[in-house]
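One chain, chain A, appears in both complexes that follow, with chain B as partner in the first and chain C in the second.
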Partner chain A sequence: MARLRVVLLLIMSLFSSSLLALSEFHLELKDHLFYPSSVTIPAGQKVKLIIHNLDDTPEEFDSFSLNREKVVFAQSTTHIYIGPLKPGEYEFYGRYNPNTARGKVVVVKDQGANHAD
Partner chain B sequence: MLINTVILFMHYALPIFILLGFLFVQVKLSLHLQFLAVLVGLITALGFISQVDSLGAWLDGAGLEWIFFSLHLLLYSGVLLLAYGLLSRTNTGKWLEPMRLAVLLVVVMIVTKGSNFLLYFNGYLNQVNALQSLLVGTFVGLGICLSIAILLYFSMEWLGRHFGRIAPLTALLVFVAGQLANASNLLVQVDVLPTTSVLWNSQWWLDDESEYGHLCNVLFGYVARPTALHMSVFIISILCPLVIQVWRLKRVKPVQRGVQQ
Partner chain C sequence: MNSLRLVFILVVLELSLMQGVYADSNPVDKVYHPLVVANERKVEWRFVARELEDKNYLAQRLAYGQAITERLIVEAYLSGERDQSDDYGLKGYEIELRYMLTEQGQYWADWGLLLEFEKQHDSDTYEITTGVLFEKEFVHTSLTINALLIYEWGQNLDNEMESEFRLQYRYRYMPEIQPAIEIYTGEDFIGIGPALMGVHRFEGIRQLKWELAFINGFNGEKYDETLRFVLEYDF
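Then we have the complex of A and B:
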């Protein structure tokens, strides 16, 4: 019986680790500008970045340093996964409006990283 | 908007023109077939972007990544079949005919790359005073892409004359391997493939965002911070067919020697 409990606990721990929800961070696109323009995330963790496009035109979220490119259709929401990353700053921009739509992901070591400027 | 349209056109259309430059060296496509391939590609791309919103929502928002990665895989497989058809001395059959494969490759490339530009064009067409900038930007971008494709065509023809057919075919293989390595990143961003460590940072030497960085990215998938996955896909995509070809040649030679004796 004790063995069975151990096996069950092991299986449960495996499932719980795979079902652990990733931290979510939100970005908004309005008038071809990113809000917030800086997102702070924890180092060494994979996170989900949810992008809401409030404009009537599509935009492409692009970042060379993050190796990401994703089209966000007009008036819609999409998501990408970023990380695990080393501490530092990773710039991103809107490929369709690169002069205005700019921002950065700031990766920090401490755990209280779920804030945005 | 004018400069951005030129940059965007080059970003999305340059791979199409590079592919055309490579293909014209290998397969002498008639003007009629060229026109047909571009027309079918554009119509398919227009059909694709009309449904892109719903396709993007597939598989929990990973639909477009899967579609674009599959199209890149199709492109890579098509180039392998084309190389097989061109290097094989036996009859390869109707569907492996180089002319048909070349047309298919152009159509797939236009859908893969052209649909993004059409999406931008379509999205910003209704903005005030945008049409003129969009059209002028497209024509300027077209001129630059055409010039690069012509330069590539003559370079590949020279390469073929001096080193045999295998040389431009290997260059074409490196080109599609780079495209496939870039596309593998799409599956990483939707968490289908795991995130792997960055191997090096050559930003100081060649910036991704620079003109040369962009050209190298299109030509052989250059990225300043390549991940282990990116490099693995790139190297395996090049080495596998080359190893198979060398093995085939080694197998064929003893058989030919046996026949001659």
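Then we have the complex of A and C:
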């Protein structure tokens, strides 16, 4: 019974977190490059990274430090949830074009807008 | 939201059915992660050696897997096992479906489902496994839990329901080196031990993943040690 109660509490917290509105940040993939190549997000918050692939080939967003891996199909849009993160820089790259498709997520303490470098 | 309701129902169902039923085979095996990557294709080799005081077991599995949608991957296995007379041969065939229920990082935790169907090679003996896969990130570490419910039926076997529990707590130190602790429970078995895993990425989407774990059983046997090893090539 105690185990069931723990599960119920976990599920309730899972539902409630889904109701929070998330800040959205956009990235474009064009000619196998990420635009912007640097995205600044606030620390301690979960955010939604929306990736628009304008190329005619698929790409796979990969980041060990962000612990994310997702395919972005050609001429399509996908999204990735990241955070909450501590301040710092988190690199990501495209698995199909690792030499060109590279970027980083910069996590800052204060509320930041999306800065392009 | 519907998928979350489904998770809720399945978790409650699994946990309520798991009360008092434990699997009688060695539950030490791969700890499944809920993540499925679109276009993923892989070949996999699993090796499990268990040594008890007076006997030992050796099992290997070869698999081919392919993601057929953005959230669903199918894997087919051939399994081999050394029997009591030291003969090594084909033991059975297995088909496995793993479904990613929630997007990575979207909710408080990531959830997935597992469904396996297995047939013994030389007898009409079957096994079906359903499971809930859970993963939660804590900064640089990940906690993964599998709650599995197994039903066996067929020739020379009493139909029975069993359960297994697998837990892995992994430190994502660097891609190639990720130390972990693993815990397994089944019928008359509680095992715990260290594990080491990693991934080496080649050009493009090709990568080699490996896992090594050494699990000590605490189930009354004086000596019960299991070594498990997984080599997976994704392409």
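As a working rule, the second predicted complex is superposed on the first by the 95 of 117 C-alpha atoms of A that agree within 3 Å, B and C clash if a C-alpha of one lies under 4 Å from a C-alpha of the other, contacts with A are read in each partner's own complex, and residues count from 1 in each chain.
Please note the rule applied: a residue touches a chain if its C-beta (ideal position, glycine included) is under 8 Å from a C-beta of that chain, and two chains touch if they have at least 3 such contacts.
Quick caveat: nothing in here was measured; it's all calculated off a predicted structure.
In the superposition on chain A, A:T57 makes contact with chain B only, while chain C stays out of contact range.
Of the two partner chains placed by the overlay, neither chain B nor chain C lies in contact with A:K30.
When both complexes are overlaid on chain A, the residue A:K109 reaches neither chain B nor chain C. In the superposition on chain A, A:S76 contacts chain B only, with no contact to chain C.
Within chain A, the residues touched by chain B in the first complex and by chain C in the second are 46, 58, 60, 64, 67-71, 73, 79-83, 95-96, 98.
For chain A in complex with chain B, the touching residues are 46, 57-58, 60, 64-65, 67-71, 73-74, 76, 78-84, 95-99. Every residue of chain B that touches chain A in the complex is listed here, in rising order: 4, 8, 11, 52-53, 56, 61, 64, 116, 119-120, 123-124, 127, 185, 188-191, 195, 208-209, 223-225, 227, 230. Against chain A, in their complex, chain C makes its touches with residues 1, 4, 7-8, 11-12, 15-16, 35, 37-39, 70, 103-109, 137, 139, 142, 172, 174-175, 201, 203-205. Chain A meets chain C in the complex at residues 3-4, 7-8, 10-11, 13-15, 17-18, 46, 58, 60, 62, 64, 67-71, 73, 79-83, 86, 95-96, 98.
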